[in-house]
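Several structures are given next for inspection.
Each of the next two complexes has chain A plus one other chain: chain B in the first, chain C in the second.
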Partner chain A sequence: MTPAPRRPFLQRLGDRAEPWLYSAPALIVITAVMLVPLVVGISYAFRDVQILNPFSGGFVGLDHFRALAGDKAFRVALVNTFWWTVLTVLIQLLFGLILALLLDTPFRGRGIAQALVFLPWAVPTFLTGLNWAWLFNPTIGPLPHWLHALGLLAEPSNILSDPNLALWGPITAAVWWGIPFFAITLLAALQSIPSDLYEAAAIDGANPFQRFWSITLPFLAPVIAITVLLRTVWVANFTDLIIVMTGGGPADRTQTVASYIFTQAFKRLDFGYASAISLVLLFLLLAYALLILLLRQRLIDRDK
Partner chain B sequence: MRAIGTLAHRLAILVYIAFALFPLFWLVKVSVTPNDLLYSEGIRLWPSRTTFEHFRFVLAHSDFPLFFRNSLIVSLATAFAATTLAGFAGYALSRFAFRGKLTVSGLLLVTQMFPLVMLVAPIFKLLSPLGLTNSLTGLVVVYVAFNVPFACFLMQSFFDGIPRDLEEAAMIDGASRFGAFRQIILPLTLPGIAATVGFVFTAAWSEMIFALMLISSNEKATFPVGLLSFVSKFSVDFGQMMAAGVLALIPACLFFLLIQRYLVQGLTAGAVKG
Partner chain C sequence: MATIDIRSVSKAYGGHAPVLTDIDLSIRDGEFIVLVGPSGCGKSTLLRMIAGLEAISAGTIAIGGRVVNDLAPKARDIAMVFQSYALYPHMTVAENMTYSLRLKKTPRATVAEKLEAASRKLGLDAFLARKPKALSGGQRQRVAMGRAIVRAPKAFLFDEPLSNLDARLREQMRAEIRKLHAGLGATSIYVTHDQVEAMTLADRIVAMHGGIIQQVGSPLDLYDRPANLFVAGFIGSPGMNFLPGRWDAGARAVRLSDDSALPVERAIDLPDGSAVTVGVRPEHVGLGGDGGLAAAVDLVEPTGHGIILHLRLQDQPFKALTTDRRYLTPQESVRVTMPADRLHLFDGNGDRIA
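Now for the complex of A and B:
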């Protein structure tokens, strides 16, 4: 085999540069608007940055983190973040899985039914929040009256102003809005299961429950795992519904770490403190990602 | 036994449809309820009289048409700019094997994972000396950056679905790579491009956190900013608030119809995108 003749330098340079020319505009925008602010934001965590105070801007070292360690609202927000994320994701998954299974059977009008049940996903999140806040409002919404009639509420009051129940408001709205996401993803996975598997199982006399248990579930398991892991991060960071429905109240009982960042930056204009909380959130998410990776490695090692 | 199963299945589907539509139904119901019936017929499913007075007021005597226009400008500009940038980058990711490709994909993926809310403060600080706070242009720049990574993955998946032989044949016939991209690949990807525009439009139309932070005047307010300030100021005009809510719903629903066929592709490309 003879070596290929070397092509002219300029042509080789052109070939090398071509993919970069295509992707440069996107990369530049992302770097300027996301990566640079990310780095700048991390530096704010160690500085005193307050918009209303022109003398701020100095380096304060770990002061913000010391304040954070003694901040009761932050500790409450950590606990809330856990419950908000776990409950939202699990309820979405449960109802999304049931919906996907229902839609996997062919029936007349399936197309329309599918469009209707997926519609909530298209509703803007700020409107979803307002819409559910109105439904929970006893003056114009039916939910307090219905919950009262069912005996779940002692009187038709607004659960959004009840410190013990308020978090269920945004969770309900998030479940309503997020069921389609799980249903769509899981439905796609269901439809990729080869149908001859079910036929063979039916011939062997497996009942529907056995078929679900030994064919559907093992096929879905990896998709469910990936979707849940990614969704957990997304829901933990998702603040729109909380900000619109409760603003973190009453008495910080619905404040999550992400909404606490927004409150500090938007209402108090304390960018330094907000950035310090951001850094903690980033570390928590990194720790979560690392945990998942380790778990995955464990599972792979075990299978070997 | 089989019939009972079928009946239960249809009933379950109906329950889901009712749950999905009920909040939107209530929104429409209150928006057409006359003020004098709002409290007396509080939880009736449909008022005994209906009116379009709230819509008339919102369209003629409020700032909502302005908010609607601002949101439309921002969302359309974002959708087209992000799709263009993502089209090029997605093509590079789909067609070239180059050193650094894994880094680029990884970078795009990372931007989807970290909490955007932590950028609220630094972006405000960085945009303000450039005169890009309280400006629709500033909002478009921010939204384009946020949506490009996801749009890249989406466009890449659409390009992956088109056989390479097509442009290779054109390039053998003497077309340049860019010529083949423009004349052969782009026309074939049009449905995918439309879907990407739809996804980004919907995301930009819904964005609230950065709009609240960056926009300070009524003239520049997008729909969520305008609606939330209306709600905090006139919290008893439920009919008008919900009429405005119905307005916000219209473009979102139209674009939903446009992208409905591509939902699976969109959600799996974004993976973490809502």
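Now for the complex of A and C:
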């Protein structure tokens, strides 16, 4: 066999470029829609961008980050974000799991109950926030009076204006709003567990708690891990309820990093500083996501 | 080890027609009972009621003399092997097998000892650290068996444990189950719809149909003296041939539709002219004699070990089993004879006569 003659350069170039040319429109659109805003947003973090200052826009290097390091409000927001996210997600998970377990046992009218559980999810968050703000308001809402009657509050006051308790207001609303997500996801996972495993365990002598521990939980673990990851990132970024219910107050006691970004950007109109905070939040969440993904991989590997 | 007494047990799933009606069965200590019957006849339901996984609608079930109707599965001290094996996917083989012992807070040394004994018996030593996912079907089956035997329960319940295995492996496991039972001597109830399994494993077979027990007896009992048309047709492969006819009391013979007579030797007390069904097993049909009846050959099916002839006799499908290779070459017709002592007679209700 004689070696095939080398084809002309242009033809080879054409062959190489062909797949790229076909996918070019999609690639260009994706780049334009996703990457360009991201890059522009990140660039703000290193520029002085103030909406009301026509002379702003210049490059300031790491100035924003230096300011951030000394910003006490930011540190408070960081701590608040931690508690806001951890408490909201864990309580959502706990109640979502309980609800899913209840919905997984057969009873009359289960179909309707499963549909009703979705309801909070369908309420706009803005409305949820207003609704709960009213419920916590002692002049029109019943909650302070009930809490007082239960002995949980010394007097029927508005917890949203109590610096020590205010964060619980948005947390309660967020839990109420977010339970369906966990309940539905976990219910789907529960229903995929073969029932003969429970029967085998019952014959082996396991009581309901032991069955939950050695069958249900191992089956749910990967699902819980991935939903908690998603919800954590989502809740950490979730500002609607805080903005509507407390606006970050009183005295920044309910200010989370995300709501602080919102305040800086849309109240102080300092987009550069807000972008710098966003970048910090982005890195924190990325680090967290990486951690959970590693954990999940280990969980899955363990099953092999 | 224990006896199991089932007294007029019925089962109906809320609002539906009964699935089991008036089941009566006494199982002796150490006996190997096989429940057979077509799909949907209620075998699994009966087994699950004994296990405590299904409520008993009426009647009583007693294990070892103690009525267990209201006892939870764990209090009945029985072990069950599921068709799907139901191995705990997150536990290793060793953990799967010892789960029940660990729940009972058995001392570690005892657990290890029992695990060792069971895994040696089942040839599972090499797999103890693996997860079920990393096992073949046959190995999983063994683990399911191992999980049952480490507990040394009063009784073993098997629900079609071999139906997910290929034919050869099933044959091998069948022999092993037989050996295990001989060694352990535990009361066992085994559900299957494979009649070869039933015949080879059972001390007694319980044939069920439509939620009713049709016959209880030793495998050869059911083969030699089926109580009715259902059992006659269900036990044996290929299935028994049936021909409609009338009893001719004067000739002491059955008259088939073409008026030919099949003499019957036994003493039979039937009014002249009553409708009967004659049954004869394919392996008892004689071929190529001078007398007998003419039958057209539809199909010749060699099985290696024998030949199944699909025939047409007086317009009825009829099968004959032979080992004579002459019949491999297609022929238009053959003559079949039915030995008088091999004939089964059933009355108009399908019940056995004499």
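Here is the rule we go by: the second predicted complex is superposed on the first by the 257 of 304 C-alpha atoms of A that agree within 3 Å, B and C clash if a C-alpha of one lies under 4 Å from a C-alpha of the other, contacts with A are read in each partner's own complex, and residues count from 1 in each chain.
Here, a contact is a pair of C-beta atoms (placed from the backbone, for glycine too) under 8 Å apart; a residue touches a chain by one contact, two chains touch by 3 or more.
Everything quoted here is computed from the prediction, not taken from an experiment.
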* **Partners on chain A (chain B, chain C) - clash or fit** => fit
* To do: Could you say whether A:P194 touches chain B, chain C, both of them, or neither, answering first, second, both or neither?
  => second
* **Comparison of chain B and chain C by chain A residues contacted** => B
* Would you check which partner chain A:T81 touches, where first means chain B only, second means chain C only, and both and neither mean what they say? => neither
* Asked: Can A:T256 be said to touch chain B (first), chain C (second), both, or neither?
  -> neither
* Where does A:A274 make contact in the superposed view: on chain B (first), on chain C (second), on both, or on neither? -> first
* **Which of chain B and chain C A:Q210 touches, first, second, both or neither** => second
* Go through the superposed model and pick first if A:W234 touches only chain B, second if only chain C, both, or neither. => first
* To do: Please state the minimum Cα-Cα separation between chain B and chain C in the superposed model, rounded to the nearest whole Å.
  => 11
* Residues of chain A touching chain B in their complex? -> 16, 18-20, 22-23, 25-27, 29-30, 32-38, 40-41, 44, 49, 51, 98-99, 102-103, 105, 107, 113, 115-128, 130-132, 134-135, 139-142, 145-146, 176, 178-179, 181, 184-185, 187-188, 226, 230-231, 233-234, 236-240, 243-244, 258, 261-262, 265-266, 271, 274-275, 278-279, 281-282, 285, 289
* **Residue ranges of chain A in contact with chain C within the complex** => 194, 196-197, 199-207, 210, 214-215, 218-219, 302-304
* Asked: Mind pulling up the chain C residues that touch chain A in the complex?
  -> 51-53, 72-74, 78-80, 82, 84, 86, 88-91, 99-100, 103-104, 131, 133-134, 147, 151
* Structure fact -> Counting only contacts in the complex, chain B reaches chain A at residues 9-10, 12-13, 16-17, 19-21, 23-24, 26-27, 30, 38-39, 42-43, 85-86, 88-89, 91-93, 95-96, 98, 100-101, 104, 107-108, 111, 113-126, 141-142, 144-146, 148-149, 152, 177, 202, 205-206, 208-209, 212-213, 223-224, 227-228, 231, 238, 241-242, 245, 248-249, 252-253, 255-257, 260, 263-264, 267-268, 271-274
